[in-house]
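Quick one: this structure, given as structure tokens, is what I'll be asking you about.
All chains are identified by letter, namely A, B and C, in their written order; residue positions are counted from 1 within each chain.
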Amino acid sequence: MTGNTVISVRNLVKKFGNFVANDNLNFNVFEGEIFGFLGANGAGKTTTIRILSGLSKPTSGTVMVAGFDAKKQAEEIKKNIGYMCQRFSLYDDLTVKENIMLYGGIYGMKKKTIQDRTTALLEQLNFGQYSDSMISSLPLGLKQKLAFSVAILHEPRIVFLDEPTGGVDPVTRRQFWEMIYEATARGITVFVTTHYMDEAEYCDRVSIMSEGRIVALDTPEELRKQYNAGSIEEVFIKIARPSRNVEGGLE
Amino acid sequence: MKRFHGFVKKEFLHIFRDYRTLVILFGLPVAEILIFGFVISMEIKDAGIAFLDLSKDDVTQKISDKMCSSDFFRKVEDLQSYHDIDMIMKTGRAKAVIVFGENFGRDLVSRGEADMSIITDASEPNTATLITNYASAIVSDFNMEYREKNSGAKILVSPEVRMFYNPELRSHFMFVPGVITFILILICALMTSITITREKEFGTMEVLLVSPLKPSQIILGKVMPYFILSFINVLLILLLSRIAFDLPVKGSLSLLLAESMLYILMSLSLGILISTVSKTMQQAIFISLVGLMLPTILLSGFIFPLENMPRVYDVVAYFLPPRYYITIIKNIMIKGTGFFSVWKETLILTIMTLFFIVLSVRKFKIRLQ
Amino acid sequence: MQKVIEASGIAKNFGNTQALRGISFDVNEGEIFGFIGPDGAGKTTLFRIITTLYLPDEGSMTVLGVDCVKGYRKLRENIGYMPGRFSLYMDLSVEENLRFYASVFGTTIEENYELIKDIYSHIEPFKTRLAGQLSGGMKQKLALSCALIHKPRLLVLDEPTTGVDAVSRTEFWEMLGKLKAHNITVVVSTPYMDEATKCDRVALIQEGQILSVNPPEVLKDSFTRKLFYVKASDKYNLLKILRSFPLTISAYPFGDSIHTTFSKDNPLGDLNEYLLSKGINDFSISEGRAGIEDRFLELMGTESIHYQ
């Protein structure tokens, strides 16, 4: 699992005034892997994801995503990534089809391509009957699955998933992860955050962040061995518990 | 009581923590008054006028002196012939030319009327209208004096009724009541409806409802700070118009303040009513703006006189509370009349207030929808 | 034992959506009673009926010995409620929030400090900070302190741990456990199945219906089949192969292994052969104990055949 490096982070620091949200991060993400990005609330995960997806600039350090520099080529990065977060992703007042067409359009895909992919996608998800339903009428699980499909509609090199399965039922959660596996089989790199620790076990490699730093990064198996723990949850609780004085860190 | 006290304290904290609320509360009234007072000022000052006096007698001299002694007009030239009119207007030095016909004074004495025309530069229609109005008003003023001295003389120029109670012809007078009316409904209705829907949107209302607080306590607690602040606002506006525009309250100040409290109460209950029918702050803002603010500006006689309105709007205006308040406050502030001249409006406003209070308290749910 | 909640046949509709379809359950005094189920199962609706915010369309419910429709005023004195979104005023400081909720219930922080001390002491160092600037875990603790400040007899917590990290979640459940000493009954909902083990009794809820009410241990034991943990390095491939194995009834990924049930009590010989024939060499198979989530998946009746 050491293919091409698609994300490379060197000495990344991000400050908000006096508050250091990311304190000298160093890590690589390789092509086609599922990279689990864990951390307590307020550990600085969201800040890092924003920088990696070109939404925010690092204070210092070098960040290369899909071969582009996050400091200068944010626009190029945005063309090569997909992004899905827990709450906002699809427009509630548009139909399934309209949402897909909209995102295809945003990423400058050809109309014919969008139509072909839409058909394929609806078929693959068994979504045919819903194609003209409003997003707001769909159950949460379906919405999240659709949101993921839309996020990788333009075949990005990397897709960022920010707590994609929060509140989703156990069956749908597993179906969602199967979709993630399928995407990686096609060569898409998946960068995912989650609060479900058992999902961390599905990742190829897991990093754990605490107080703005990465305190552990390895395969789930190695982490369990290293910390003499039965599960990633135990590992997490052992090392991610922030010290009291900074726990109130900004979200 | 302790519960209520805690609630009101919290509301004040919300207000003083959010600078935007403070700006709307206190910045807006001051800005409105100043903007209306100075920038969009509807008055003219030192407008250049020229005279073509073909009669050159005592009477024409008196009228032109009277005009130029006011702050509004400044004589730029005495013209010699009709040809000069076009010329001086084109240079822009004069915004208007006053023409007195031949034998003006003699005609006035013998026939009771005389020829006079006001020619204005209508490329600026507003200014032109204003100059015409002001000039006619001065002439009618003169006419009244003349009539008093020579009883039985006929009217020279028909006087402008709307300026009758505004003898110094200062337009701020018309705006101050309008601004008060507008500001109060803005603060009271919009702000209360926003603060209540905000609790709904952020989910804090759920906990308030589950608490032993009674709906009446929640409503009163929400309304109390805005009642106090709105009242301070009325005082602020009155003080400001006194200082900046030298505008006194002619009638009874305490009557004016009492009527304002009634109107504030009415607006607050409207705000609560809006909050009971809207689920989000956005809805509340929309309903307040479109449902209250627009009609207040357009139909209460604030900017457009009610007399000139098409019948339909006039009928609609009967149902708008601001209309009655604006009448009341104009009467008290500018005409200086007492309670007897506004009791009808006050009664209507009181009935409306009671109606809205009862309706909003009844509509305020003790549970979620 | 005294019943704190007695509900029978509770139903609630919103338009054409049946949020609750005739739910009956009892909650005993002093227990932690969990409602476990995904988003949209009807947990929030049910909690709003318990807290007198909604009226049920059908059925009856007695809370703390009072009818929750007629006696809502009395109930509201004795319930502590923490809705799904933390009901905090983000523009007020930590202390101001707590003081406000105390005053609303006619009490003071000082009066009931003992009760919230364990929880509030975590955030007390930041009491002048605005609630909007707290991290998720701290907001959660503040919201819990606010819900407890009037010493309620019943505490209703709607998904208090959603979106909160595993560390804060663990701490939170420890705190709930301590409330027992104060004889406060807790009704709590969560979408995290593993948290069920922290409750005294658990109701599994799905699509407005209760699938089962049991202590967590009983729930685990009621798993009907033998459960096998199958592991291999290529998990996705393993999953697909397990699904295609003719004896497989269900196969769900759980962490690093795949929890599988078979139609035969001893499928190991056949399975070994099958996996090898599909080119998987590094697998391991062991019999394992079912967890709450296994039982939930079983109760949902979604078997691997219908699984996509």
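Note that a contact is a pair of C-beta atoms (placed from the backbone, for glycine too) under 8 Å apart; a residue touches a chain by one contact, two chains touch by 3 or more.
In this text the structure is predicted, and so the values were computed from the model without any measurement.
Viewed as a network of touching protein chains, the structure reduces to a simple linear path. Interface comparison, A-C versus B-C: the pair with the greater number of contacting C-beta pairs is A-C. Annotation: 57 Å between the Cα-based centres of chain A and chain B. For the pair chain A and chain C, the distance between C-alpha centroids works out to 25 Å. Each chain gets a centre from the mean of its Cα atoms; for chain B and chain C, those two points are 60 Å apart.
Residues of chain C in contact with two or more other chains: none. Shared contact sites, meaning residues of chain A that touch two or more other chains, are absent.
The touching residues of chain B, counted against chain C in their complex, run 2-3, 5-7, 9-10, 13-14, 17-18, 202-204, 206-213, 366-368.
Every residue of chain C that touches chain B in the complex is listed here, in rising order: 48, 51-55, 72-73, 76-77, 79, 81-92, 96, 99-106, 146-147.
Contact residues on chain C toward chain A in their complex (touch as defined above): 37-41, 122-123, 125-126, 129, 133-138, 159, 162-170, 191-194, 206, 235-236, 239, 252-256, 293, 296-297, 300, 302, 307-308.
Interface residues of chain A facing chain C in the complex, by the touch rule stated above, are 39-43, 86, 126, 139-141, 163, 166-172, 174-175, 177-178, 181, 185, 195-198, 201-202, 220-221, 231-233, 236-237, 240-242, 244-245, 247-251.
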